[in-house]
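For reference, the structures are reproduced in the following blocks.
Below are two complexes that have chain A in common, paired first with chain B and then with chain C.
For the complex of A and B:
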């Protein structure tokens, strides 16, 4: 009997674990190690953050689902990996620390034959002074990165509505809290849901709403933007985004690295080297992501973290980390199998794998501060990658160690994204976008690097319905209900 | 080398709006082509796309007439809003009122790939905003208000920047000619009917009058046909279905005339 250990139970880890459990059956063991007791459909957190959904709507308990799937679930966080075992144990293992109520702090060694690192990111609030400490949110801003954060965000948001109803103007500042953030899409969704809810509450005219982000142009989204076909033309997502911002009367600051947050004020540096300040009454700033801080040790106990992990804490995989400057970037730099180059029984998926370089054009200020969106690895790609990795490992377990690995390069993968711009059965809007490939392939598609026949976008009520249907569909899938394997990632 | 300027209705290439990644001889050659084309056409600036290249390269003439090369430009900050009347080589001879930022600050790279920043206001700010629109796949048409866009689409349809604001008249001078033709034909019908009540000699005289009136009506139809077309061209906001109306009106008039003359010929 082989044992597959999956670290993390988010979109990617959950997908990998549940498919592996299905394909391997009871002949082999699948273990999931995740510090959370609940699974969270993160894309819907933005609706929790404006009071349109509750925590219960976007989460469910993992234990009964994993019990049904025959997965050995350990509510714990991974601390370290010993890919060669130890002096007393030849078998590779991970050391975990329980977060389960009643067993908090208990340590355990979990041996594995195959390991998937799907821990997701550490929400690195501590990277920006004032934004938070370590992975903890600070007191000046709110976040929608977790369901609990979103509940807090909504509480603060409702206070601003009351304040405006009492005749006092409020300033909203939403975007990214560091020059190296990703997930601009979540902030994009949140700002327009805020705007939508303020309109609905009848206080829109009392609110000044501003976007701040590290994108060098509106609509970059960490992917270098999209070229969308509209009426036979291929236009940049910049135009689409600017139109939406202008239509909703939302101002913006871009190319910004937020370098300090105080009560009611952020300090930022722009790509042109200038510095500025922006005041706010309510602010949601996405933190930068980092690896969760897993350590790795060799058989003799020496620290080999640098061998397995990139400097940002994400797991090294079969990517070309020596691509160098922007002009050298190629689609082939991006990983295909997500196998660690040093230890072939370790894989990564979702945000946990170390990307070779950004997708957006790398930029920095004259002061040397990098201000570039880091590449998104969330949503559809993370599910697809999780499934491909599970497939590879299952084949290796059932067919032998030489079974070919399955490939799921982001440079050969399309993705669909539905970004909400306001929730409502009849007045909701969302931007539905598809992009192919996620990572531009400049050799295959000279120019934009993408196939414009499969890269397009549209905003409207239908997009909102799709987003809402997907919310229920993916939670259905994650709960492993009837037909879950037929629902695409 | 002087290049042809891409003009409407040539749709923009689906591949343009791409950041320059290689700062090489090909890029330098594009920049020189842009300069040559600007000089030849006496323009204030051009974007790579406008001469058929899809890279984000802008060459403009600054206030001193010096060329400024901007590669991969990005607008970071904006201040103030203003509405200006703009024209562009992509829509030759047409203008539109566009809302722009009064001043902007931007970053761009030079031909060596080195990053620079600059602030611009006044005409330079407007020019740069217009050119940067092209680098992201847009002309100013995407920046127009709904009403201005409707008006500009009419200008595009007729290829003219003038006489757009007036409405298509419901009464034309040519309608008087039609009335005259109709009056002649009514007179012919009255003469035809009166021929039943007169002697053969008088009927012969009536037939002669019918012939004169018929020639008169044909002549007026010819005048109507050509004048109506001339008059139609004076009102560019009128739809192109005018020509159909003119042909139809003339044909119907001639059919009526033929029927009257045939009846008169066989009965009188």
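For the complex of A and C:
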């Protein structure tokens, strides 16, 4: 009997573990190690953050789902990996520390034959002074990265509505809290939900809403922007985004590295090297992401963390980490199998894999401060990669160690993104965008790097309906309900 | 002044972009048109999904 251990139970880890359990059956064991007791459909946290959904609407308990799937579930966080075993144990293993109520802090060694690192990111609030180091919640600002964060965000948001109803103007600042953030899409969706809810509450004219982000142009989204067909034109996402912001009277600061947050004020540096300050009454700033801080040790106990993990804490995979300057970047730099180059029984998926380089053109201020979005690896790509990795490992377990690995390069994969404003079926709207491929391939698509037949964006109710359907569909799938395997990632 | 022209004057950044007019905005919430777009977007998304697996 082989044992597959999956670290993390988010979109990618959950997809990998549930498919592996289905494909392997009871002949082999699948173990999931995750510190969380609940699964969270993160895209809908945006609606929790404006009070349109509750935590219960976007989360569910993992234990009964894993029991149904025959998965050995350990509510714990991984602390370290021993890919060669140790002096007293020849099998590779991970050391975990329980977070389960009643067993907090208990340590355990879990041996594995195959390991998937799908831990997701550490929300690195500490990277920006005042953003919330230690609190994991935002010290002076709010966040929508988890359901609990979103509940807190909504509580603060509702206070501002009351303040405006009492006749006092409020300043809203939404965006990214560091020069190396990703997930601009989440902040983009949140700012337009804020705008929508303020309009609905009848206080929009009392609010000054501003966007601040590390993108070098509006509509970069961490993907270097995209070109889409609109009204017979092929247009840049810059025009698409700027139009939306201007229409909704939302001002913007771009190319910004937020370097300090105080109560009611952020300090930032711009790409031109200048410095500025912006005051706010309510601010939601996405923190930068880092690896979760897993350590790795060789058989003799020496620290080999640098061998397995990149400096940012994400797991090294089959990517080209020596691509060098932007001019040399190619689609083929991006990983295909997500196998660790040193230990062939270790894989990564979702945010946990180390990308070879950003997708957006790297920028820095004249002061040497890097201000570049890091590449998005969430949502649809996360699920597809998780499934491909699970497929590879299942094949190696059932067909032998030389079974070919399945491929899922982000340079050969699309992504759908629906940024919805409002929740009502007829009074909400959404910007629905699809990009193919996520990583531009200028050899295959010399013009824009992408297939403009399948890279598109439009605003309207249709996208809003799709967002609703996706919410219910993906929670249905994650709960392993009837037909779950037929629902694509 | 037409409604879509109001925001152009609010900031230099707004002045350099495009803002949808009455017709474009009406189509965003026109149920018949949006139902057609719903079908079209779904088909396109399904193609993208199938190309990605």
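Everything below uses one rule, namely that the second predicted complex is superposed on the first by the 486 of 489 C-alpha atoms of A that agree within 3 Å, B and C clash if a C-alpha of one lies under 4 Å from a C-alpha of the other, contacts with A are read in each partner's own complex, and residues count from 1 in each chain.
Convention: a residue touches a chain if its C-beta (ideal position, glycine included) is under 8 Å from a C-beta of that chain, and two chains touch if they have at least 3 such contacts.
Predicted, not measured: the structure shown is a model, and the values here were computed from it.
Contact with chain B, but none with chain C, is seen for A:271 once the two complexes are overlaid on the shared chain. In the superposed model, A:309 lies in contact with neither chain B nor chain C.
Once the two complexes are overlaid on the shared chain, A:334 sits clear of chain B and of chain C alike. Once the two complexes are laid over each other on the shared chain, residue contacts for A:255 go to chain B alone; chain C is not touched. In the superposition on chain A, A:157 makes contact with neither chain B nor chain C. Once chain A of one complex is fitted onto chain A of the other, the partner contacts of A:243 extend to both chain B and chain C. Common to the chain B-facing and chain C-facing surfaces of chain A are residues 239, 243.
Of all the residues in chain B, the ones that touch chain A in their complex are 11-19, 21-23, 54, 72, 74-77, 105-107, 115, 117, 133, 136-138, 142. Taken together, the chain A residues at the contact with chain C in this complex read 239, 242-243, 245-247, 249, 251-252, 380, 384, 387, 408, 412-416, 426, 429, 432, 434, 436, 454, 456, 458-463, 465-466, 488-489.
Within the complex formed with chain A, the chain C residues making contact are 4, 7-8, 10-11, 13-14, 16-20, 27-29, 31, 33-35, 37-38, 41-42, 44-53. Interface residues of chain A, counted against chain B in their complex, comprise 216-217, 224-225, 227, 229, 232-236, 238-239, 243, 253-255, 270-274, 326-327, 329, 361, 363-364, 366, 442, 445-449, 452.
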